[in-house]
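As structure tokens, here come the structures.
You will see two complexes here that share chain A, one where it goes with chain B and one where it goes with chain C.
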Partner chain A sequence: MISDIFLTIITMVFALMVVFSKKTVVSAFALLMTMLSIAMIYFQLGTVFLAAIQVLINAGAIAVLFIFVMMLINLEQFQNNREKGKVKLVISAITILIILGVFALIINNNIEVLAVNNIADNSMLLMFDKLFHVYYLPFEMATVLLLAALVACVVITGHEKNAKVELEGDKHE
Partner chain B sequence: MSSIYYYLAGFLFCTGLLGTIFKKDLISILLCLELMMGGVSLLTVLFSRSTGVLESQLLVFFMLIVSACEVAIGLSLIIALYRKKQTIYTDDIKIITE
Partner chain C sequence: MLEGILEILIKIVVVLGIPLGALPIIIHVERRGAGFIQRRLGPNRVGPFGLLQPLADVAKFMFKEEVHPTHVRPFFYTAAPLIALVVALLPLACIPLFGTFEFDGRTIYPEVFRSDMGIFYAFAVSALGSYGILLAGWASNNKYTMLGALRACAQMVSYELSLSTAIVAMIFVFGTNDIHGIVGAQTGYWFGFLPKWGIFVQPVAGMLFLVGIFAESNRLPFDLAEGESEIVAGYHLEYSSMKFAIFFMAEYIHMLALSALFIIFFFGGYSLLPGLDLIPTDNAFILPLLQAVSFITKIAIMVWVFVWVRWTLPRFRYDQLMDLGWKRLLPLGLVNLIVTVLFVYFRNQ
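So, the complex of A and B:
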């Protein structure tokens, strides 16, 4: 019970850091810590496989990818002279509070339905049985989706021929 | 007592939404989208635990794959935009209006 509250507070603090920190690098590290604490919550709930996947993919790959891209495009050079839209912040904060209130209302009205039941210990076995028999086609389609994303990344970020010519021209000058 | 996690999932989603509306550079917006995604997957895992339906956990598995693709393509779009316009701030990008 205490660990539940502790994990919740840690996740909330890091989530707020993602949104309200001024430097983007700090936000990225806060996102990494948020993902790690969500993984701890998964462990707490007993879904061990998802916790491991969360650490590997979300914390390990995606957060590092963010930091890598930040290093690539050198954010710091134009980060200082940006004014903040305070009216925009107030309006969006009010909207968010209304949405949060709706969430709280729904959770409060269904509190008995939402109680955590215990799943048997072989839940992971059953899950993989389902994954490789019933949901075999979606699994294969996911690999195709990953391949498509890979090709799309290469095509989007690849140099065009004109840009290459310009670069070479700059070198000769 | 673990119903506190339901509130946490809602909080994560709303915080991410706030950042998505409020932030001005594209990388931060993408970070906040990831935060929203984390909230949604936490909620899905909680539903799987409360109803005993194992398919929800598989759904989270597929959501992770889709979010990885989303981040990869989003970041490559940001890099392509930075090469073309030399900026990643939403105020400076007026491709549609100009």
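So, the complex of A and C:
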């Protein structure tokens, strides 16, 4: 029970850090830590396979790409280029409302979703049957965070409309 | 309860102790092996055959002045070597040194973390290996470390793909993802003399996996993470004394863990070496002991292969490395996977 609360708090803190951190790379690492703590929650629920997949795909591949790209672009020049004022407030409010709505939907229509302990079974067939029917929505909720990160990447890097970026072709062929 | 905790603690000590204790020996073998291949002596002054040289090196690393550059990002700079070491140690938790055996009426599992999905866990945590390097390169705030880290990371992510195709093909062949099941499927002989090792069933996957672990552990011929003539030293340029030694340790432990996985899939894991199975196993402890001896011998041979390749093959150029990974190995791995899946499907019909 205590570890449940602990993991939930850790996940929430890192997820909030993704959004509110001033430094882009810190955000990216917070994203990685969020993925890992979600994996820990899966792990604690006894679904080792899900935890491994979460680490392998979300933490091992997707977050690496985010961090990779953020390190490649010159970070310092994008530091203060965030949406400010009313636009930011409105967008944040809409996003939070949508997410809360989805959660309300889950809780109203399908209480069983919250009892994830049911899938603490390492039989793959049973697990995937459950995963792709009953628990599909909560499993895919993690991608909302990825979407947010993607949008953030576009916002951060997309400000120079006139700058020309010329990529050198592969001349070694 | 107390017994369970004690059991896990003993396992942790064994699992951490063996690789950490073997490290000085591996480094010694590496340096003496380099000397042997290059027709020179190698370190032979400290102790008999130079065996105490690693100890002297450790003492040197510990007492050396640590230079902490002022232009680095302090938190990430300190965290990077620790992350690299911890992530390198994690996959060891699910690698069994010997088979299960009965003791005091209980079944003893050799792994710290026992699960049917152990193999996925091992590959998942070893996929995190790129973070330590990436962090070190970025936190050092130096363009050469940055370039080294990006090169290492791109290389690891690329070769993970062909490595994964090999693993999936092997899991299809064995029909199980439990490590003990995989090893069990490789116990015994064909025609009375050829061990039932995975390498004889899937030589292509074995080759892919071998190339993959060389690239994953940043060893020659794929040691593009370092390069004296291009990027000074690579991602660990700004690190000195013990922090540098920790990166060094992490690299070797990563290599050991990947070798162990390679042996589990392709050389029968802890299944007995040909010849050892003639020894009668009347005592309950003899079989696990023989299994551990077999496994460690196989890993030792793998370590020698690493050293051998390192001093025999020239380095790749970076574009050649990427070509090999994406244009040759990945298509080869996918074709191999499809053929294997079709074969297994029609065999089971």
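Keep this in mind: the second predicted complex is superposed on the first by the 88 of 173 C-alpha atoms of A that agree within 3 Å, B and C clash if a C-alpha of one lies under 4 Å from a C-alpha of the other, contacts with A are read in each partner's own complex, and residues count from 1 in each chain.
Here is the rule we use: a residue touches a chain if its C-beta (ideal position, glycine included) is under 8 Å from a C-beta of that chain, and two chains touch if they have at least 3 such contacts.
Note that the structure is predicted; figures quoted are calculated from it, not measured.
Q: Looking at A:71, would you say it contacts chain B, chain C, both, or neither? Reply first, second, both or neither.
A: A:71 contacts chain C only, not chain B.
Q: Tell me which touches more residues of chain A here: chain C or chain B.
A: It is B that touches the greater number of chain A residues.
Q: A:53 contacts which: chain B (first), chain C (second), both, neither?
A: both
Q: Pick one for A:32: touches chain B only (first), chain C only (second), both, or neither.
A: The second partner, chain C, only.
Q: If you stack the two complexes on chain A, which partner ends up touching A:86: first (chain B), second (chain C), both, or neither?
A: A:86: touches no partner chain.
Q: Is A:45 in contact with chain B, with chain C, with both, or with neither (first, second, both, neither)?
A: In the superposition, A:45 touches chain B alone.
Q: Look at A:11 in the shared chain and tell me whether it touches chain B only, chain C only, both, or neither; answer first, second, both or neither.
A: Touch partner of A:11: chain B, not chain C.
Q: For A:24, select first, second, both or neither according to whether it touches chain B, chain C, the two together, or no partner.
A: first
Q: So, A:61: does it touch chain B (first), chain C (second), both, or neither?
A: Both partners, chain B and chain C.
Q: Pick out the shared contact residues on chain A: the ones touching chain B in one complex and chain C in the other.
A: Looking at chain A, the two contact sets intersect at 49, 53, 61, 65, 72.
Q: Where on chain A does chain C make contact in their complex?
A: Result: residues 25, 29, 32, 48-49, 51-53, 55-56, 59-61, 64-65, 67-68, 71-72, 122, 170, 172 of chain A touch chain C.
Q: Report the residues of chain C in contact with chain A in the complex, numbered from low to high.
A: Its residues touching chain A are 115-118, 120-121, 123-125, 127-128, 130-131, 134-135, 137-138, 146, 149-150, 153-154, 157, 160, 317, 319.
Q: Provide the residue numbers of chain A that touch chain B in the complex, in ascending order.
A: Residue list for chain A touching chain B: 1, 4-5, 8, 11-12, 15-16, 18-19, 24, 27-28, 31, 34-35, 38, 41-42, 44-47, 49-50, 53-54, 57-58, 61-62, 65-66, 69-70, 72-73, 75, 78, 82, 85, 88-89, 92-93, 95-96, 99-100, 103-104, 107, 111, 113-117, 119, 123, 126-127, 130-131, 135, 138, 142, 145-146, 148-150, 152-153, 156-157, 163.
Q: Can you tell me which positions in chain B touch chain A when the two form their complex?
A: 1-8, 10-19, 21-25, 27-28, 30-32, 34-35, 38, 41-42, 45-46, 48-52, 54-55, 57-58, 60-62, 64-69, 71-73, 75-80, 82-83, 87-89
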